[in-house]
Amino acid sequence: MKVRSRTARFGVSLEERLLKRFDGVIARKGYANRSEAIRDLIRDSLVNEEWEDDARETVATLTLVYDHGTHELTEKLTDLQHSFHEHVISAVHVHLDAHNCLEVLILRGRSGEIRRHAELLASVKGVKHGKLTMTSTGKQI
Amino acid sequence: MKVRSRTARFGVSLEERLLKRFDGVIARKGYANRSEAIRDLIRDSLVNEEWEDDARETVATLTLVYDHGTHELTEKLTDLQHSFHEHVISAVHVHLDAHNCLEVLILRGRSGEIRRHAELLASVKGVKHGKLTMTSTGKQI
Amino acid sequence: MKVRSRTARFGVSLEERLLKRFDGVIARKGYANRSEAIRDLIRDSLVNEEWEDDARETVATLTLVYDHGTHELTEKLTDLQHSFHEHVISAVHVHLDAHNCLEVLILRGRSGEIRRHAELLASVKGVKHGKLTMTSTGKQI
Amino acid sequence: MKVRSRTARFGVSLEERLLKRFDGVIARKGYANRSEAIRDLIRDSLVNEEWEDDARETVATLTLVYDHGTHELTEKLTDLQHSFHEHVISAVHVHLDAHNCLEVLILRGRSGEIRRHAELLASVKGVKHGKLTMTSTGKQI
């Protein structure tokens, strides 16, 4: 059974002119209503806050583009992932073309350790591009 | 006499748990109330939107750190600023130490042209660090 | 058979003091040598450049955290993905806890269309956090 | 008399195809040569590194857009700046129109304290937009 937190409601006042512009932007982005758009702004500010604390348990994705033909690349990436195996929840791999691979790792752990892990993977020779995307366990947002 | 746009008011609903966390974050940041914090999130999203349109008139600051001893640096920066003089509203200069200067230019114009101008200034030899900060004329937010 | 582009070599001069600091940073990040660290800085600047052109074919990941219990959420996400099916190469799903899911979509297409697609998915009610990560097909870097 | 650190020189190898693209990008941005463009990439990575350490002495600019007609705004901004007077090196003010002002503060101090100071100023009622730009004392880059 799912237990949800109760819903609160509060009022926001702002200039009509500003509200009109905001309504235009959120309609273009596909939001069904203002409340949902405001909630997304609030949640995004809370996720940014979470990542300022190195010890906070959090979730991230690491996007890597690499040339699988690089000598010993696959071995190094595999070794590094195993040395941090408790962080790697899952990984998905796409063959972009004959040479280029995209791999996305889904990581969970303390934000400081995840950042460190991501730097070590992105710096392996043959990894052309690495980007860490910070999100959340969802529990606190 | 100042004519302000009328004020609108709307309701936002979200989980109590989330609202409590948000209240904690905004109190720490110094916000007097939720409405003001929400307005800032809305305005920031509108400023981001403004900068997606290259032709929009907007305002920015360009922060440069440079070594004033670099050969011909001052001449080049001055020449470039003059060639874009219609963009530069004002400039402030700080002597950080015997060698290093910080200069902040306040720029106004179409966002695409401001970006281009900023790249040309930041790439001058002797400029150690250049960063463009995108803000707004204030009219639309 | 793999055909690689020929390798070029060029020299970079900078102050010893600066080089020493850079060597410290890249060792901490795990780089085997300076050339690899510089190549990564160059590639990252090229990826940023690619994303400035809306019509360029590129690759991205979209990270979504959502509450799967939200009414009609799954249907809406599935419908949206199908309406842009030509963009979605692959998707991976993780059950973060009883309520929260993480889904990572791997997207390929023109950068402008991918941005638009990502906004529509992130704005669906029940999606708590959505972040688009811009990377590359790997061909041009 | 100016004492400069000695200059070091090192080689970078990368694929010709990639170098050609990089040369195109840096020419468009106005760089005189590759060495200068690479130095800027290195310096930018060092500035990012500096800001990860809360206790490091550093330099920033804070860009504020506000409506000077807001009740007690000027007093609050002035009070806050005085309570952190040791951080504020200089401030420049521009009248954007009859209502909107832009103010740029140049700040120096520990990065953690500067971030905190900037949050308190940006959250004052009437400040429509506030953005902190992190740069450097120039000494270490």
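We call the chains A, B, C and D, going by the order they appear; numbering starts again at 1 in every chain.
Definition applied: a residue touches a chain if its C-beta (ideal position, glycine included) is under 8 Å from a C-beta of that chain, and two chains touch if they have at least 3 such contacts.
Please read all numbers here as calculations on a predicted model, not as lab measurements.
A straight line joining the Cα centres of chain B and chain C is 26 Å long.
The centroid of the Cα atoms in chain C and the matching centroid in chain D are 26 Å apart.
Centre-to-centre spacing of chain A and chain C amounts to 10 Å, using the average Cα coordinate of each chain. Annotation for chain D: residues touching 2 or more other chains are 43, 141.
Arrangement of the chains shown, judged by which pairs touch: one closed cycle in which each chain has exactly two touching partners. Interfaces, counted as pairs of touching chains, are A-B, A-C, B-D, C-D. Chain B makes touch with chain D in their complex at residues 2, 26, 28-32, 36-37, 40, 43-44, 47, 59, 61, 63, 65-67, 69, 89-90, 92, 94, 96-102, 104, 106, 119-120, 122-125, 127-131, 133-139, 141.
Contact residues on chain D toward chain C in their complex (touch as defined above): 4-19, 21-22, 25, 34-35, 38-39, 41-43, 45-46, 49, 140-141.
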